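For clarity, chains are labelled A, B, C and D in written order, and residue numbers in each chain start from 1.
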């Protein structure tokens, strides 16, 4: 298998996973926010 | 002038800036030929209410009807607006400023501008640029800018700030005169006492809502 | 109520007068592009035959950066005492303001180009081998392309945080085709070719984006 | 709707692994480039997906300007963001492919250059969204999206004309594509489109939630009326 080929495929998935991870992080921050909001309301 | 027909109707007005709501459901009617003093603490929503009436803020929800129109653009030539800042070009003289703004309103006769400058007690032939005016003069020129198109509704944001007491009472007299011609005037101010006896109604705002409307200043002081 | 006429020339006159009195934009532009010329001549050997090929790029990049300086200035003037609000409450149409600003900037940048081009010619010992008249057309069309989008995006970045940085970020990517056309056309004429296709490209770019600006400016001005 | 999401997720995962198998094993090896040519099966579908997303962004922005509905604003934001992700992949895999084939990482060739310019335009779109104050972001962003889309034909034409005037290394070689290769390419494209749809969907939900929270914060300050300063 060719090194360049592996590099390209790996790069593709690294970028996708990095983006998904950033979405996850935003999501967990949002959840934290929602919980705080609920606590403030009670 | 019929006293009963409301010239401005505001219903359930909400204005939200991101996570902060500056107006939280303002509902009110205002009738023609009256001088309203809008009072309240900083951040109570006075300026936002005025800007929303002037069409500068788009309300998040709620309705405004001014002079029977829903769209501010239809009646903008009948409204005069004076903001906290001067709304004047510092590099031009007062006269040059007004001449330019007159063009925006399609007013070609410069007598109107001269008249407006005289009305606020300034000299129309003053060549100095506005940037070199004293704060009080600038404030009065700013009032002239709001007046020159002979508006039916005047929206004034802090017209007396940084003005000496003598000029301020002069401005109050002028406003009373204009009101007596059947115009509707809104004055947002911290110096409520200046308008005591002149304003027809005092509107107290708190946290984005109108909390009280009273006919004289003392009455409100007792209720709150 | 019909919209008042003659606002565009009045606004343009006002802008030119303000610029004449303060000379903010033109001075900073001149100094800036002078710096660029000098710094560039350190990084390249200006006497080489090679310089004829890259001079087109150098000139336009210098003018582009200088134009950004002027573009930031034009709206800063309107923001200083919130004068823009005075325009927005008036019945004057938004496009008159836009056209006046764009034409004003066109004049400023053209003046700059007229002053700086001889300097470039001297420093880089340029002598066009192709038809010179085409260079004039390229300059006019190219400047308008930069200025019309620049005026629009400057109005847009007015409403953002850190607006001075925002303008180049918005303007440069969109301007790449125009810049490429200007640079290539200039290089072609300097090295003895024609530039008809590039001129056609610039012309259609100007037409498309001027139309887009006029259609969308009101939305941006009143965005809230 | 909530049930469809995991189903689509599993389906996409299966499709992506099948496509990967096809790209690595089933597709015939290209004669001159060898195995490196297989980058093609990731590079080109990513480019197509990015272009589709940018088109969606343009349409959604237009709709927003006419209808002023938050949903199309969110669609515009999401498609631009995911589109930039795919466009980034195109720009990263491109040079990795170019290096062994042409011997250079980057060439100012027509497609690479115009993709780069496109990427820059949409990056500036995302920057604008981040830096404008919340109330006016949708309108300003929609306007910029329209300018960006109008610019695309000019980008393509100017770079094409620029390139045809200048000699450059011969690229691609033209000719028709092997039908088996085309088949693998289309499967990969389908897989990546499903994947993009999936990401867009979750990003959409995230943005929706975020706005709801924002609203709740404002409403909370409505009911509790704290003395916050403007």
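Quick note on the criterion: contacts are C-beta pairs under 8 Å (C-beta built on N, C-alpha and C of every residue); 3 or more make two chains touch, one makes a residue touch a chain.
Small disclaimer: the values here were computed from a predicted structure and weren't measured.
Chemist: Which chain's centre, taken as the mean of its Cα atoms, is farthest from the centre of chain A?
Modeler: With centres defined by C-alpha atoms, farthest from chain A sits B.
Chemist: Would you identify the chain whose C-alpha centroid lies closest to the centroid of all protein C-alpha atoms displayed?
Modeler: Central chain is C.
Chemist: How many angstrom lie between the centres of chain A and chain C, each centre taken as the mean Cα position?
Modeler: 41
Chemist: Approximately how many whole Å separate the CA-defined centres of chain A and chain B?
Modeler: 51
Chemist: Need the CA-centroid distance for the pair chain A / chain D, whole Å please.
Modeler: 17
Chemist: So which bits of chain A are touching at least two other chains?
Modeler: There are none in chain A.
Chemist: Can you pull out the residues of chain C that are in contact with at least two other chains?
Modeler: 224
Chemist: Residue numbers in chain D touching 2 or more other chains?
Modeler: Each of 133, 135, 217 in chain D touches at least two other chains.
Chemist: Taking the top-of-page definition of touch, could you list the pairs of chains it picks out?
Modeler: Touch list across chains, by label: A-D, B-C, B-D, C-D.
Chemist: Give the list of chain D residues in touch with chain C in this complex.
Modeler: Touching chain C: residues 65, 117, 120-121, 123-124, 127-128, 131-133, 135-136, 139-140, 143-144, 146-148, 150-151, 154-155, 157-159, 161-162, 165 of chain D.
Chemist: Would you mind writing out the residues of chain B in touch with chain D in their complex?
Modeler: Interface residues on chain B, with respect to chain D: 16-22, 24-25, 41-43, 47-48, 206-209.
Chemist: Which part of chain A faces chain D closely enough to touch in the complex?
Modeler: The contact residues of chain A facing chain D are 1-2, 4-5, 7-9, 11-12, 15-16, 19-20, 23, 26-27, 30, 33-34, 37, 40-41.
Chemist: Residue numbers of chain C touching chain B in their complex, please.
Modeler: 1-7, 10-11, 14, 17-18, 21-22, 77, 80-83, 85-92, 222, 224
Chemist: Quick check on the complex: what are the chain D residues that touch chain A?
Modeler: Listed in rising order, the residues of chain D that touch chain A are 20, 24, 34-36, 38-39, 42-43, 46, 82, 85, 88-89, 92-93, 96-97, 99-100, 195, 199, 202-203, 206, 209-210, 213, 216-217, 220.
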